[in-house]
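Shared between the two complexes below is subunit A, which pairs with subunit B and subunit C, respectively.
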Partner chain A sequence: MVKVLRKKIRKKLLVIGDSGCGKTSLLYRYTVGEFIGEFFPLCYENFVVEFQIKSTIVEMTLWDSVDTTEYDRMRALYYANCDIIMICYSVENHESLENVEKKWIPQIQNYYKKIPIVLMALKTDLRRDPAVLYKLNEQSLRVITRSEGRAVADKIGAYGYLECSARILDGVDEPFQYIAKVVYKTHEEPQDKKKCIIV
Partner chain B sequence: MSSHKSLSSRVSSGAKGLTSSNSNSASTINISKISPSGPIGAASLIMNQKASSENSLFHICITLRKRLEKVNGLKPYLNLAYSTAEYSSDKQADAITASQHNRDSLRKSTNSSYSNFSSSSLTNTNTNTNTNTNSITNSITINSATTINTINSQQSSPLDFTIQSINHNLTTFAAGILPATISCDPVTQIWKLFQQGAPLCLIFNSIKPDHPLPIVSADDIKICKRSVYDFLSACQMFLDLKAENLFTISNVFSENTDDLLTVINSINKVLDLNPNFSLSDSEKKDIILKNLNSSKNINDSRSRIILELIETERKYIFDLEILVNYRNQLLHADLITSESLHLLFPNLNEILDFQRRLLVGIEANSLAPAKYQRIGAIFLYASSIPFKAYEPWSIGQPAAIELINDQQENLQKSSSLINASYELQSFLIKPIQRLLKYPLLLEGILKHSDPAWPTYSEVTSGLEALKGTARDINDAHRKSENVKVLADLYTRVADWRGYELKSFGDLLFHSKLGVRDSDTEKEFFVYLFEKIIFFFKEIITTQKKSSINLAKKKNANYNQNTLSKLELKGRIFIANITYINPSKNASTLTSTLEENDYPTNSHLLTISWSGLRDQGSFIMRFKTDEQRNLWEQCLRNLSVKQHEEILMSDASQNSN
Partner chain C sequence: DWVSHWKISAEELNEIDRNTQEKQSHIFDLIKNEQKLVLHGKILIEVFGKSFLKKNPPLIPSTQKFYQDAFLTVEEIIRTHQMYLLEPLLNKLNAQGKYISGIAEFYIPWVTKALIPYLKYCDKMVGVRELIAYETKVRKESKFAEWLNECDRDPRVVKAGVASDRLFLNRFISHVMQLPLTLGAIQKKTSPTDPEYRNLSKTIKAVKKLSSKIDSMQDCAAKTRAIRNVASQLIWKNGCEVNMEWNSPERLLFKRGNVSKKRDMWLDSSSHLVLMDNYLLMTEEIRETAEIKRYKVSERPIPIEFLLIQISLLDRRTTTQPGQLMNGSISQDEPITYAFKVSYAGKTDSYTFYTNTDVERKEWLKIIGEAQASHRERIKCNEPFKLKILSDAAFAYEKENFPRKLPICSKGSGIEIALQETAEKFPGKIPRPLMYSSVLSSTSFTYQDIEYLLVGLDYGVYMAQSGEVRNWKRVLELKSISQMCVLEQFNVLVLLSDKILQYYKIENIIPVFKGTRTKTIGQKLSKQDVLFFKVGEQKGSTLLFYSKQKVSSSGCYFKVVIPKLEEATGKFEYFEEHKKFNIQADCSGLTIFRNTFAIHTAKGFEVLSLSMLQAQSIPILSEPSTVQKKNVFSSLALIRKKLSSASCRPMGIFKINEMKELLLVYNEFALICSNHGVLSRISLIPFTFRCKGVAFQDDFLVLVSPDVIEV
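Entry: the complex of A and B
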């Protein structure tokens, strides 16, 4: 066995967003594996994944969250010692995107003045789902496009904007690789260079 | 460090399903110079390990029962144990139903009161008394065994939930109520079997027929204990089993899952001595197919959620057991004080013991047809008392996190089971995460249940009860945090202008808010007590405010070292509040306060008051909708309570 001395950094990613927008499915799909049929899991355990970036190992703990409305004190336990936050929304749910600014950013600001944020569009496969399109059309709505999502990401000063579909396994890995890079970069760079969210 | 093995080996031995597609797609992106090598589940980490169904108490007992059926002459004892267990199950179901009724009627008359937990209830040492370290020779005599039993049951201290009190009403190892189609659970049956004593002797005789023990069947507990004693001595004498590998008499008669597991492990070891008692592969398969909620039986959304509930519960219990092992290693290394250990794991044993029973209850229920399953009843029961054990755990978290940071070196030195620097915190939060997951799971079950089923209403009330438990714990959390906030407040305010804080009840909420009662909005530190709201102005000293970067790595909600001084600027008595109105936007404001340029993300609450000499109103501006709703709800409750109290005291004065 060859022992290589590598630098190891340990980071915590917290995934937040409206309930039902697909957070747990994304995390489950990324680390645990396939869904059984069309069954979407409800529970996700904290899980650690590792990345190698140059000579550094980035060990990242993935934390799913549940809707803690009403449980504000217990929520603080989820937010403790975070390094990066992923806010999720679903492309067929306009409210979930509105809540990014309305609910989640203010919530983050309760705990952090400055923390890297990534905005994540989920369920992108539904953009082509006839049933979903029909239903939205009836309410004279459309699915949320990439540029609409990106606009919100820019507005909240997010580090990045990504999209994926956990169901058809499209773009499930990239967000986490991207996040690994972000935490690696912010770890290497001095604090004041960090891009910050608009307060 | 042992975790620095080659990366590829981690993937292969990794937690299931870190599929190769992950690493393939990793090479397709190259956003910057850095190219991450795809996810590598850190399999060396205990956190990522999966729990096997074979570790569940339910499964362990079914397997053991199958083995015991092969022991000659044991059938009648198994049958007797079955009917005793059945009787216990009925008794438990009756007791739970009755106390549920009592609670319902009680709730109507009184408001639920908070239990008095403070994060500083460190005085209870959390020693692990009932472990297998008990040497058989110490407690071998029947008399001393009974005294041990009584000592154990007297250990309860009033502040801490003991196993006895959280398992209130439980006479079996399955929490809650079994479906009508199931008489008893296998765990209770196995427990009752060993308590008969004689079956143990039969087991011994089938292993060592040349030194047979007398078989005495009796109802008298003394005779039963005598048989256990005979078995234990014979095992040491003729089977070369060491005392530390065996159980004690008190283990057999204990109501604790740890003790039961100790007994079961020893019995399995004894049975291993005779190959006739091992199970064939087809028998093992049969157990899984018939008695466990295996994937074969999963055919609809509801059963999938039940399966998820069971599988994640197994994993949760597995994690709690790891925590117990970890704590024992810390205890052994003797670098962490027992106070600190209690701070890290306030009532781990109680939580683990109950969760095992909860899982037995769920697994037993899962075998019945969906409409008979009493899943709702289980959680209704769990929320009634047992889940209150999560309160001290939750409240202790901030202190535990602090301790981990302070004692990192000693923790690392004491045990490598869990990495203290970053893994431990993820472990300690698990009970809280689990508790908050139950409502989600139950919602799923409810969604896929038929409202016509007799058990349907149980699921709705179970769900409500779970949410109530979480709310209670959250409130208790806030109260415990407020103890420190209140102490800080004393020191931050130089001049109290004659107000006695003690006379205004508990501190409930506090925040820095925008408050306007005239034209301009000013920022105040607002403290809401049960009977009064105080408004303070921050006294800005020349010293610069604490650095923004402090917020990082330190939860901004916990007070930082430098607290500014406050000046008391105003107060409103709750009793004088006449009107509470949430205003989403400024248009619904009262006429005196004209519409103005509030930022779009404003969450307002208008309060009107009327005192003896004057009256007025003001608007508080909150940062979030949730915060506003919490204050509003709280103020409304307080206001009603205050008015009731005034009416009551008026009435009593009039009658005098």
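Entry: the complex of A and C
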């Protein structure tokens, strides 16, 4: 018997994070399946992907962003109608993780009081890259570990913490499936559902 | 990408210099992005636009307007991209092939052509996006949303990898935002000696300028839209409406939002505040349907210039709830709220609002301050008077009269500016006050080319040289000095202290001020209690009128005295009695003219002359002839009603219009009549508050009340 899919929900995922942390690469790898390395477009056109969760189809538009610090009002257009936001950082770039709290969270708060956020560690393959390790060592730094990333995720109240590497295709699909589940869940149970008041 | 497009083999690639590879790859991206943008624009117009027009019955009431705003604006943008960028770029690609150079030259002409279409697009799109959001998010089973879905499923749309949300939201604008990035990446790979490097710099600058213009247009359009939304959502109570001048280009919406308001004993209600640049509106939300919210203006709007803000030091509010009233306990999870009070200066209207967090309250206070500052900035050039601080430290409130809630002085206000100037002039700690009292009267005079200031308090007259803000000194030890006047011609100070009318010679006061003498004694003018006095000039001589209350019956005695000079020295000697008369009414004031004078009674102004003590009430209201229009009649009726109202008090008469007309000032309004007392203009000048004092200076009428001074 063919199962009838009853509902189709449309959701928007906005991917933000410091420039050069690998947002576009991740999206490109996930949707096109190629690793674009250095000849990458500076911004990637958005793509629509579909997931099936129970009897519902979650149609999710993936929005890449460009850092447009200069244009406040135009940035509002990126942020319009978001359902979930993915903040990315790169494991070899400490500043990109610091900016999660310093820059991106305040920016989100300009537009949303409450929205599900997931924190995403990118370029995890570099944790084992001797050249990167050597370079960081010279600055007496280390790569950012999973637990350090998770600590920030907890601090910002993120829905989840994920890691991936677009280069070695490690954990590229899981984040999007996870996000689809989150938006499905939040769709089913609206955040602002009122509690009963007992007088 | 570039490599696959030109089918460059790995060997070939190895031979090409890395910089060139990257640069050409970026240029290729640039052209491809341009192509894609034009394609998306065409899809929007062809797929969405055409099917939208074809829909019958129409999806929304104003089909034509939506089509123009959402599609025709895009058509224009796309035309500039196609003509000034894509075509020249493709020509270049065809002519130069793999290695392209000199692309910067196309962008500057494009920027000039694209500016207006983009700004127009931004302006229109705010409304378009709002309509789409309403149709897709708020309305249920909207035909419009269905149509959008249909379009999104169109194979052409799917193939192009776009969707309605992106097309309507930021597809075109983000393209412009990204251009400088791509151009910058190309520039990085260009040698600085190449002339193209400089051209790229110029181009990037021009595109960035376009971006920031689009950005500010976006802001401006959103603001106008927000104002229009407010205007359309408001419901005014009958007769309560004020002219907001919604269409004025200066109108700004500073903030709107809900705060709670304490209503009855236990009922909290929510109030929706709308802070515009000219008024603060207090409204209540009304849900017309599930989708449409409207706001009823629940209180009289407060003009920004009359808006006073107070915060009480008590942040915690104890709300009592019905159950608690009975058992008298206060529940633990009592919400803590933060209060601020707004009031209408000069009126009794005041409202206390509560926010749930201190941050929210601070935000409101901050924005209200901004609104006031911007309002002040705008009217600055119209301000007739500049405030000058006479004293910032000498006088202080009496303890029991100390105002518990001082209004917050907003930034940029006249008072703040004047205080700052004084603080700069006299740095250091503010000295302790000399006297705790309220100021009852004041005057200034010039003696031997020096300007002096006098202030009458509850205890004593204080004096200072003009500009000597911190140098006040007590010169006379008297009680409650309610009126003071200096007859400069005679160097005499006349004052009313504790109902005793007396005068002092200035030449005796100056030594006391300078410390060379300790005391001076005044001369009493009247043995009886004096209500008030007034100095004026008639027929070339100075007259001092003063009024005494009758002991037995109602009414007042008036006495007029003339200052007399010593014949030998030309100095003032004494006051000579000139005339006495009786008025059968309680008088509150007096205005002296050249030949006549007017007394202020509870019933209005009465004009008399000293030679013929015959009273004539003014204004004289002529009966309108039947020929005259109805509105003349009704406004006369209104004036009559106002004049006979119990709260109406005459305050003063001033000559205006080169003495041809008189301005009759009452506590709540003013009238204009001819110099014969006949009402000359039928319009009434209403005041925004009930004033306690009036003054007239350089054609400006100054009205004073405890909270406000209006000019």
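The criterion applied here is as follows: the second predicted complex is superposed on the first by the 178 of 199 C-alpha atoms of A that agree within 3 Å, B and C clash if a C-alpha of one lies under 4 Å from a C-alpha of the other, contacts with A are read in each partner's own complex, and residues count from 1 in each chain.
Keep in mind that, in the parts below, a residue touches a chain if its C-beta (ideal position, glycine included) is under 8 Å from a C-beta of that chain, and two chains touch if they have at least 3 such contacts.
Predicted, not measured: the structure shown is a model, and the values here were computed from it.
Colleague: So if we stack both complexes on subunit A, do subunit B and subunit C clash, or do they fit?
Modeller: Clash.
Colleague: Between subunit B (first) and subunit C (second), which, if any, makes contact with A:F47: first, second, both or neither?
Modeller: Once the two structures are laid over each other on A, A:F47 reaches both partners.
Colleague: Please name the chain, subunit B or subunit C, that touches the greater number of residues in subunit A.
Modeller: Between subunit B and subunit C, B touches the greater number of residues in subunit A.
Colleague: Classify the contacts of A:A80 with the two partner chains as first (subunit B alone), second (subunit C alone), both, or neither.
Modeller: In the superposed model, A:A80 contacts both subunit B and subunit C.
Colleague: Just subunit B (first), just subunit C (second), both, or neither: which does A:L133 touch?
Modeller: neither
Colleague: One more residue to check, A:V58. First (subunit B), second (subunit C), both or neither?
Modeller: first
Colleague: Could you tell me if A:V66 is touching subunit B, subunit C, both of them or neither one (first, second, both, neither)?
Modeller: The answer is both, since A:V66 touches subunit B and subunit C.
Colleague: Answer with first, second, both or neither: which of subunit B and subunit C does A:I9 touch in the superposed model?
Modeller: Neither partner.
Colleague: Counting only touches as set out at the top, which of subunit B and subunit C does A:L169 meet: first, second, both, neither?
Modeller: The first partner, subunit B, only.
Colleague: With both complexes overlaid on chain A, does A:K114 touch subunit B (first), subunit C (second), both or neither?
Modeller: In the superposition, A:K114 touches subunit B alone.
Colleague: Between subunit B and subunit C, whom does A:I156 touch in the aligned arrangement: first, second, both, or neither?
Modeller: A:I156 sits against neither subunit B nor subunit C.
Colleague: Clash-wise, after the superposition, say which stretch of subunit B runs into subunit C: 402-410, 600-608, 618-626 or 636-644.
Modeller: It is 402-410.
Colleague: Using the superposition on chain A as set up above, list the residues of subunit A that contact both subunit B and subunit C.
Modeller: 12, 39, 41-43, 45-48, 61, 63, 66, 68, 70-74, 76-78, 80-81
Colleague: Inside the complex, what are the residues of subunit C that reach subunit A?
Modeller: Spelled out, the residues of subunit C in touch with subunit A are 1-3, 21-22, 25, 29, 33, 36, 129, 133, 161-163, 165-166, 169-170, 173-174, 177-178, 181-182, 185, 208, 211-212, 214-216, 218-219, 222, 321-323.
Colleague: Help me check something: in the complex, which residues belonging to subunit B touch subunit A?
Modeller: 4-7, 10, 15-19, 21-22, 25-26, 29, 31-32, 34-42, 45, 47-48, 295, 298, 301, 304-305, 308, 312, 315, 394, 397-398, 401, 421-423, 425-426, 429-430, 432-433, 436-437, 440-441, 444, 467, 470-471, 473-474, 477-478, 481, 548-549, 551-553, 555-557, 601, 623-627, 630
Colleague: Which residues of subunit A touch subunit B in their complex?
Modeller: 1-4, 6, 10, 12, 19, 30-34, 36, 39, 41-43, 45-54, 58-59, 61, 63, 66-74, 76-81, 101-103, 106-107, 109-115, 169, 173-174, 176-178, 180-181, 184-185, 191
Colleague: Would you pull the subunit A residues touching subunit C in the complex into a rising list?
Modeller: 12, 38-39, 41-43, 45-48, 61, 63, 66, 68, 70-74, 76-78, 80-81, 199
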